[in-house]
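Two complexes come next, and they have one chain in common, chain A, joined by chain B in the first and chain C in the second.
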Partner chain A sequence: MTQPTDPTPPPYNTQIPEPDTTIANAQTLFQNNFERLFEAFNTDHVPLIDAINPGNHNVIQLVELPIGEATQSQEIAIYSKKVDGQTDQLFMRYQGNGKEFQLTQYQIYALPILQLNGVIYQKGYFTFLPGGIIVYFGQVIPFGNPFFISLEPAICGNILGINLCPIGGIGSGLVQSNVSLTAINGKFNAIQLTSTSTNANQYYIAFGNI
Partner chain B sequence: MTYNPDYPENTPPPDTGINNVRTNFSTYATIFSNNHVALNANNQGKHSNVILQQVSDPSVEGGFDALYSNVASTNLGATLEIFAKIPQFLSLDKPNNPEQLTFHTVNTAGPVYQSFLPGGYLLFFGQVTQIAQVNPPVIPIVVTLSPVPTEILCVIANSTNVIGTSTTWGQPMSVNVINNSQFQINPTGIVLVNHIIPWIAIAKQ
Partner chain C sequence: MGFNPSIPQPGDFLGISQKQILSNYQAIANAWLENHVPLTNVENVGMHEVLTLRPQGNDPATALGQVALYNKLVASVPQLFYRPSLNQTPIQMSNANLNTIQTGAPGNTQSSFIAGPFTVYMGYVANCPNSQLVTVTPSSTLIYVGLSTVKTNAGSGPQSTYVATPINITGDNFTITHANLSLVNPTIYYMAIGQ
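For the complex of A and B:
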């Protein structure tokens, strides 16, 4: 009868060799540790046996930390931390346990082109800036006055700035606009645009935070 | 010397393979010092720098984020950039695409300044000076962006105020995109000589 093999190799052992162990007796233990060290180092790194760049990184997987990493002088830390209502985001902290700021925000995805009866009325995009700032931008082709510029995703509790610019040739700049904000459950989902000219196409940029 | 995870071998006995053990310890220390503070140094094990070799987009499922480098498609061709991948938390109709964090060039010299926004967007900004005093019709000002993006998505020229040496009020502006690298600023009304018109544009890389 054959003995069942253990599919799980022994873990890395920090306690070998013991003072009274001979090298010969510790051979297996040494070998196991070198194998485990090799396997562990393979995570995120170019393998130890790579002929060209051993030790470089091929990816950095940042495991979620419960609190921000502390830093000493001449150190900058980058780490991941859970954001309420979202997922793990990247954070940074400057040297000397300085200010922490959020490097990434939310989840970027392509917004659909908005149409009514087959006519495009908004091409919108969004991204973020370090510090947790959401940036909405794009182009609107209003079909009414007032007209609502969609702010998708509607995640900002504060809109920090809005800028508009009429689209068109000479003379188009005479369009004047007023804006106000609409919100659902405290999150702004649209800019209400009222213009002196109905159907005035405009570019827009808006900044907000959650 | 190279690291060998199979050392020490079963044969010859370890007492004769001691050099192999020493080679492994020595080689490991040398390799570890690439990108890391070396063993036995102050702050050993922390990262001193990070060189990211190009990889394909990783799968991120669970409590961690991934930073890595991969090729991005731009109007200038394929370039190696830094990406972040975070765990999906939205519904699946909003795909959790890798977030491109960098663009391989910036322009800090002007007059057309350029930086980047996460997601593969280029941010251009600058100012133009109205060089001719013209009673209507006014002369449009063409701005050429470099590096050339795929598509200009948004342009804002200061439409409510003009900063300059004159005390006259600013004039309204409009803009129109000419092609993927140029847009035109159209002052409306009388714009005096040396009036400065700030602008900002966002484009797809």
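For the complex of A and C:
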């Protein structure tokens, strides 16, 4: 036989005690409010009964806001909003309802190491900069002509900058390539190198925005 | 009435205390409304809707196992700071030098920031002539400039002969020079960091 579960306790009540309430009648209401306050503090905050740090935070869980938060003079606000094609992301807004910008971007995850016949030809990574900038970077060992540096995830409609840096020196120490970009449905998915030196191990970094 | 931490007193009658207790419960709920999911909600109580930070006059102290996020004014502009544990050096996490535009934008300078704070610029110059002046915006003092020379016209000349380098790096500008004047239609990408 299963035990009956406790019913959900009533939420915090801002209307107690009423004028004609007695202590005896209000005791359970008082206690419920204290318990709900205690439970609320236990979420994100150091518990009220902590001897050292009550009032501090353990973590900040931000529920999704539909619009950016207002700010007054000298205030900054940090909050989360849904971004189309992504998930909830962290935003920051400057004082006096000033500039709002996206602090976090997309989801960071490990990209697979690319190989051909057991030989690694690209180790790729990506991260972000505030304001909606994606940074692709990594190392490639080109083969063939043309050779494609994969840009994953392919979510950028605009590539802002590319830098290539040879590793270890090839010949004169210079590795020259013709560079162009390839896209599918307006989203850049690769940097195309032509006339690059075969096996010219090099670092790459590229910036783009969505 | 605001919150009163001194009620009820031992000799108070409930007729008096009732209004004071009611007021305190309402004051607590109203204060909690700032930044937090309302206390009267059934779900997510205790979580935050926003983190609004008022400026701090001094960097907060951090003990072992603690870190702090806070707002400190820099040239009268509030900025987000992070302080590691044990009162280590505070790090500025935000920077007003942010200049980004979205899909389909031309490749002129855009910028973001990294902790420090440093401003990161990226962009390109199409059909770049020799001795091309580039001025980055928003302004800062450049401490790093990296160039990549890209030849988008494969038939325009021997591609092994051109190298682009930045010269005259002064304040918020630098000059692009490349070795081969016969090069046609080079596109030169740059990445720069300023402080």
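Side notes on the structure shown:
Note that in this section the second predicted complex is superposed on the first by the 197 of 210 C-alpha atoms of A that agree within 3 Å, B and C clash if a C-alpha of one lies under 4 Å from a C-alpha of the other, contacts with A are read in each partner's own complex, and residues count from 1 in each chain.
As a working rule, a residue touches a chain if its C-beta (ideal position, glycine included) is under 8 Å from a C-beta of that chain, and two chains touch if they have at least 3 such contacts.
Only a predicted model underlies this, so the values are computations on that prediction, with no experimental measurement involved.
When both complexes are overlaid on chain A, the residue A:Leu164 reaches chain B and chain C alike. When both complexes are overlaid on chain A, the residue A:Gly131 reaches chain C alone and has no touch with chain B.
By the touch criterion defined above, A:Ala40 reaches chain C but does not reach chain B. Judged by the touch definition given at the top, the superposed model places A:Thr87 against chain B, while chain C stays out of reach. When both complexes are overlaid on chain A, the residue A:Ile205 reaches chain B and chain C alike. Of the two partner chains, both chain B and chain C are touched by A:Val63. By the touch criterion stated above, A:Ile49 is placed in contact with chain B alone, chain C being left untouched.
When the shared chain is aligned, no partner comes close enough to touch A:Asn145: not chain B, not chain C.
Shared-chain residue A:Pro19: touches chain C; no touch with chain B. Across the superposed pair, chain B and chain C both touch chain A at residues 23, 30, 37, 39, 41, 45, 53, 56, 60-63, 75, 78, 129, 163-164, 174, 176, 205.
Those residues of chain C whose C-beta lies close enough to touch chain A in the complex are 14-15, 18-19, 21-22, 25-26, 28-29, 32, 36-37, 39-42, 44-55, 66, 71, 73, 77-80, 94, 96, 98-105, 107, 110-114, 120, 122-124, 146-152, 154, 159-160, 162-163, 187, 189-191.
Those residues of chain A that touch chain B in the shared complex are 23-24, 26-27, 30-31, 34-35, 37-39, 41, 45-46, 48-49, 53-64, 72, 75, 78, 80, 82, 86-90, 104, 107-110, 123, 125, 127-129, 135, 137-139, 163-176, 203-205. On the chain B side of its complex with chain A, the touching residues are 2-10, 13-15, 18, 21, 24, 27-28, 31-36, 43, 46, 50-53, 55, 58, 63-68, 84, 86-90, 94-97, 99, 101, 117-119, 121, 137-138, 140, 153-157, 159, 171-176, 184, 186-188, 200, 202. In the complex of the two chains, the chain A residues touching chain C come out as 8, 11-19, 21-23, 30, 33, 36-37, 39-45, 53, 56, 60-63, 65, 69, 71, 74-79, 92, 94-95, 99, 101, 129-133, 157-164, 174, 176-180, 186, 194-195, 205, 207, 209-210.
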